[in-house]
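Okay, got some structures for you below.
After this come two complexes, each holding chain A, first together with chain B and then together with chain C.
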Partner chain A sequence: MPSLLRQTEQDKKNTPHSLLPFLQSQSQNTLTRLYQRPSSCLSIFRLLAPLERQIVMNLLWLESAIAASTMAAWVQRDGRKLYEESLANLSYLHILPNSAAKLALNFTFKTSLRQALTGGGISGSFGVPAEKDDKQPGPDIEALDSFALERWETILHYMVSSGTGQNPTKPSQGVLFLLQRSELMNSFYGGPLQITSAGFQFLLHSPHAQLWDLLLQYLHLAEERQMDLVEVLGFLFMLSTMDLGREYSIENLSTTQKAMLEDLRDYGLIWQRRPNSRRFSPTRLGTTLTSSSPPLPTTTGVGSGPKEGFIVLETNYRVYAYTDNPLQTAVLNLFVSLKYRFPNLVVGMITRDSVKKALMNGITADQIISYLITHAHPQMRKNNPLLPVTVQDQIRLWELEKNRLKSSEGYLYTSFTSQADYELVLNYAKQLDVILWENTGKRCFFGSLEGHSRIKEFIERRTQNPNS
Partner chain B sequence: MDASSHLSVVLDLPPAQWHRAAHHGLPLSDFLSHVLVFLHAHIAANAENSLAVFGAFPGSSTLLYSSADPVPEHLPIHPNSYPPFAALDHAVNRRIHAHLDALDDSSADPSALIAAITKALCYVNRLSLSPAANTNPSAERDPSVLPDPRLLVLSVSPDLATSYIPIMNSVFSAQKLKVTIDVCQVFGPDTVFLQQAAHLTGGSYIHLERRDALLQYLIMAFLPSPAIRNVIAVPTQDKVDFRAACFCHKNIVDVGFVCSVCLSIFCQPVPVCSTCRTKFPIKTLQRLNQSRPPLPSTPNGPGATTPRSNPGTPRIGPGGTNGTAVARSVSTSATTAASGELPHSSTIGLGTPNGNGNVGRSLSMGTPVTNTSPNGTAR
Partner chain C sequence: MRAIKGVLLVCDPAVKQILLSMNEKQSFIIEDLDDHHLVIKADEEYRVRRELETELEKNTYSLD
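For the complex of A and B:
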């Protein structure tokens, strides 16, 4: 459905980055300390919406405050609402202090962003590169990519195959704890970890969204662990501005940040030769943190298929997935009943049972459809609409089927002695608007729980005093 | 997050003009540092934003930097700067110096601005031929690959009458590629042709009034992508000089004569069209000759073609009228501004110079330009 596709793209444009609400909830003091680092300012600037970025830029090089009305004079009539929203968002982030008359950027933010753009200052917030070591040259970009991919897919694969009886490689203890904390996985009565419905939904997200989901949990955790949030965020932002394929020294990192190295290594954001090495290299997972696309090497398995998509869906509900990646196969297995497996191809059917199984796990029809759309094979992109309408509609119908029965508590009123009695009580109940179902032939009706006491009272009054 | 965008920048770098500009308070080094910060701002907005910088030198033009270039291995990383910025500065500075050093002193060629613009358009075209478009030639050009590409021309050269036809050809290809051409005349007189190029492609033309505030001009007027321009207005010209250059003598003409077959423009009635060899009846020629104005349009030098009424008096602030009225006048299209008695100032100043000491940053946009022949190019 092209309209659906457009809808999701629209959503992507309008929804702010998942980190921004977290930043907005922080105190002004925390944010101001964060804004002292040019690299953090640059990264946060990137996360803003386009209009917010333009407002910041317009004000960045002005020395003094300008009247709000002067700025507003540039806004087109249609854009007023958007403009006001942007100003509000900026004030929540304490980038643009809220003021009716004058507009001026937060001084710390302004100074740091200027430094970021001009490359001045002495903060060293973009990472201190390590001395070149000729004996042990750093890993090349390919090695970094495959490392990041392996780490990330280990986590996802562990999630997807939990409870299926397989024993995939376990991620480290820290990752397991984080998965449990974020309620993506849960252990029931001390048993092994099981994936939750939130976890199933998580699997269908884009890698970029998945990464930030986990990192947000990590940030929440950091608050509890008494780690300095500014250091943690600053380090993540520093990673996002680093150059892929270079080695950086850990000399200038704070104690908190050194402690983070181990966690980030587990997630695949950085690479280190040895756990106690004096240098580290950011991977693509790390350097693309604040960019929109192309997110991660995880979009395809190593050496499998074309880069962008691999799924072909036919009108007869058959799914051909050109992949040899066990993770992608496992994710497909969530809502497709797989039939054959070849070295580079998996064939399956979307059936009522397979979709119902997915729905039971908490996956929605929209998530299935958007997963199929984002991973559609290039050949499929010729079709308009991209997915066969029959299949899309059927998946939605199956979801509706699940909602066919609606239960509500109440009382059944039956065995009225006469039709007149029945109608009297029925009319009274109708006035109260508590009737859920009625059958005149059988002289019975079903009323909701709230109305019961009043109907009971009414009937009692009638039986005691039939003539009134 | 939002989609990336592409920006191509053409820097006009003839040494003679820059020598003159340095005497008017804008040396080349200052200019470059302003422009580089502006380019940083473009890259900073989104990690996927692409950038290409072209330089126009006397008699030659070249690609100075492209974001697709591999980062040179030996370039040291500085802990205080974002690596892509450093790579950009390094490449642009190094190549400009190399080219200026290689220039022959005696060469008096005009700046190859048009060649650079054409190269920039070719570059955009190559980008838009993405791999996806290649595998599927029947499909429309995928808008997600290259949304709203833009071309910014920072010119210091005066109009070159011989360049009319190439400029118009570039404009047509830009329209086809859906490229917006923005023009900033940093120094020197207004250029008629670039003004038309900006107008025809929906871009913005600015004649720099305050050279010390170049960066603020660049950021406010040329940084927003077309999507943002729908919300925050950018200055467009009130009046566009639509005059064309004739095909026969390459003069800019107020009244031209157009071949009815191939639409070639001439400064005087000709019996035979030089382009398509169409012969015109002698009666028509006589009638046209009689109807010519008593003072035939003399060949104007390119520098003397744009009489500006009352230049250099920027009116500061939305004084006199209310704020919205000024904002409207900024965004009025050129077609509405025909009558000669309109107030010419579309100037919006940010901040008042008599007040809080932000004189150096105050911004005044828009250039008062009258058009001597309001209704178009030729009859």
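For the complex of A and C:
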């Protein structure tokens, strides 16, 4: 699926990874402690944008600082802005301290990343593999995949079918709490959990983005629970560098990290034979956290969705989805009116009502279109443009239709006695930037609610001493 | 000088005409500003939006 890959590559280029802003908001102390772990440095390196990686690589093996002008000489004029942005990003992460004259990597980061690439240094940063146990061999990759998939789809399926009257299997309490905290789901007046508009948008994201959305919430939660953020982040990064299908020992984990095992098991990032088992195996969800390979197994064997895109959309608004996956069907049901269901195929229509329902739930037209593009069937990729233009436009028009009436509360100022009076008040209101509409001919204007008290005050001041 | 409290509606001329005809049944418009702008009573906004919605709904048909 070359075109699909290209698209995800592009996405990455435009938007930085969602974890980076979180890291940037952390103190230098926290980051420096994090950078002591080679696995964390390697993972963060993988999350950086291509140019940032390039800069780091260039500086990594230099023993002393180099003049900033030497580096800048490589940059062409039109790449200037991009280059400076990259330098700024790296300095927010405290990887490359901000300096006008000399460029050198943060010493801790440099040492650890070198270790990650060449080996050696403190052991255990990449996890300690457990001794092979012949009596109880670890799970094979297939078993791990189906476990991860089952856990993850349970969460998504629970979200998508809330409020539809079905009763899907509930995820664990920890997951439910996290969903509620992240405002993806909400309970109204103590009733059962209902999906929110943020939750609907969440469902249309790629699994990778979804995973990080939840983990970011988990990190915020960890901060509140007074868990050591460095331990938590370090463990996630360690997971992301582990080998799929290998068992790891929990001996080297800190207390915080041992406490995390249960949560990670609930999300399907790791597998353990028993809750108190001395060993764990990371699943594909865990090992792909910082890589660009898909986080979920994509073989049809384990009952997941098809490998590549599965949606065919025709100019007559018909949707053919080649899938037997209940989750994908449920997600489609958010904005498609489904007609028939066959063992490997679901047929539906995009109608005004079905799109309107989605819009009411807070899903935007762009999200629907981007979901259709990301999951388009390989057959569709021969078309240019990929989706029929009529359907795309119509979905956008339906969205516009919802916004035919804009309203804003405020005050209409009218019946001014003279043109001079009108202009005086109007100019004052213009300074406050509260005017929503004005008409000099009619000598009236409409100001927003916020500006009213100050305009009123101004007029009162004027009437008391008109000459000031 | 007078200041009148209300809600400024920004809409297209077609919607404005519908609002004007709705106004004849039950008055809610304070001031008709121009083709795209109306000021209406603040407490009537919800009702007006709902009635406009049903009115616009009459002009559409669905394939279902």
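As a convention for this text, the second predicted complex is superposed on the first by the 384 of 468 C-alpha atoms of A that agree within 3 Å, B and C clash if a C-alpha of one lies under 4 Å from a C-alpha of the other, contacts with A are read in each partner's own complex, and residues count from 1 in each chain.
Just so we're on the same page, a residue touches a chain if its C-beta (ideal position, glycine included) is under 8 Å from a C-beta of that chain, and two chains touch if they have at least 3 such contacts.
For clarity, every value in this text was computed on a predicted model and none was experimentally measured.
Once the two complexes are overlaid on the shared chain, A:126 sits against chain B while remaining clear of chain C. In the superposition on chain A, A:54 makes contact with chain B only, while chain C stays out of contact range. Looking at the shared chain after the overlay, A:311 reaches neither chain B nor chain C. In the superposition on chain A, A:44 makes contact with neither chain B nor chain C. In the overlay built on the shared chain, the residue A:415 is in contact with chain C alone; chain B does not reach it.
Touch criterion met: A:82 reaches chain B, while chain C stays clear of it.
When both complexes are overlaid on chain A, the residue A:331 reaches neither chain B nor chain C. Within the superposed three-chain model, A:70 lies in touch with chain B and out of touch with chain C [touch as defined at top].
By the touch criterion stated above, A:116 is placed in contact with chain B alone, chain C being left untouched. For chain A, the partner touching the most residues, choosing from chain B and chain C, is B. In the complex of the two chains, the chain A residues touching chain C come out as 317, 337, 349, 351-353, 401, 404-417, 421, 425, 436-437, 439, 442, 444, 446, 452, 455-456, 459. Put simply, chain A touches chain B in their complex at residues 12-13, 17, 38-39, 42, 45-47, 49-51, 53-55, 57-58, 60-66, 69-76, 78-79, 82-83, 115-129, 241-243, 246, 252, 288, 290-293, 378, 381-382.
Listed in rising order, the residues of chain B touching chain A in the complex are 1-4, 37, 40-41, 44-48, 71, 76-83, 85-86, 89, 132, 135-136, 139, 215-216, 219-220, 223-225, 227-228, 230-233, 317-318, 323-324, 326-327, 330-331, 348, 350-351, 356-358, 360-361.
Per the touch definition, chain C reaches chain A in the complex via residues 1-12, 15, 30-31, 33-34, 37, 39, 42, 45, 49, 52, 56, 60, 62-64.
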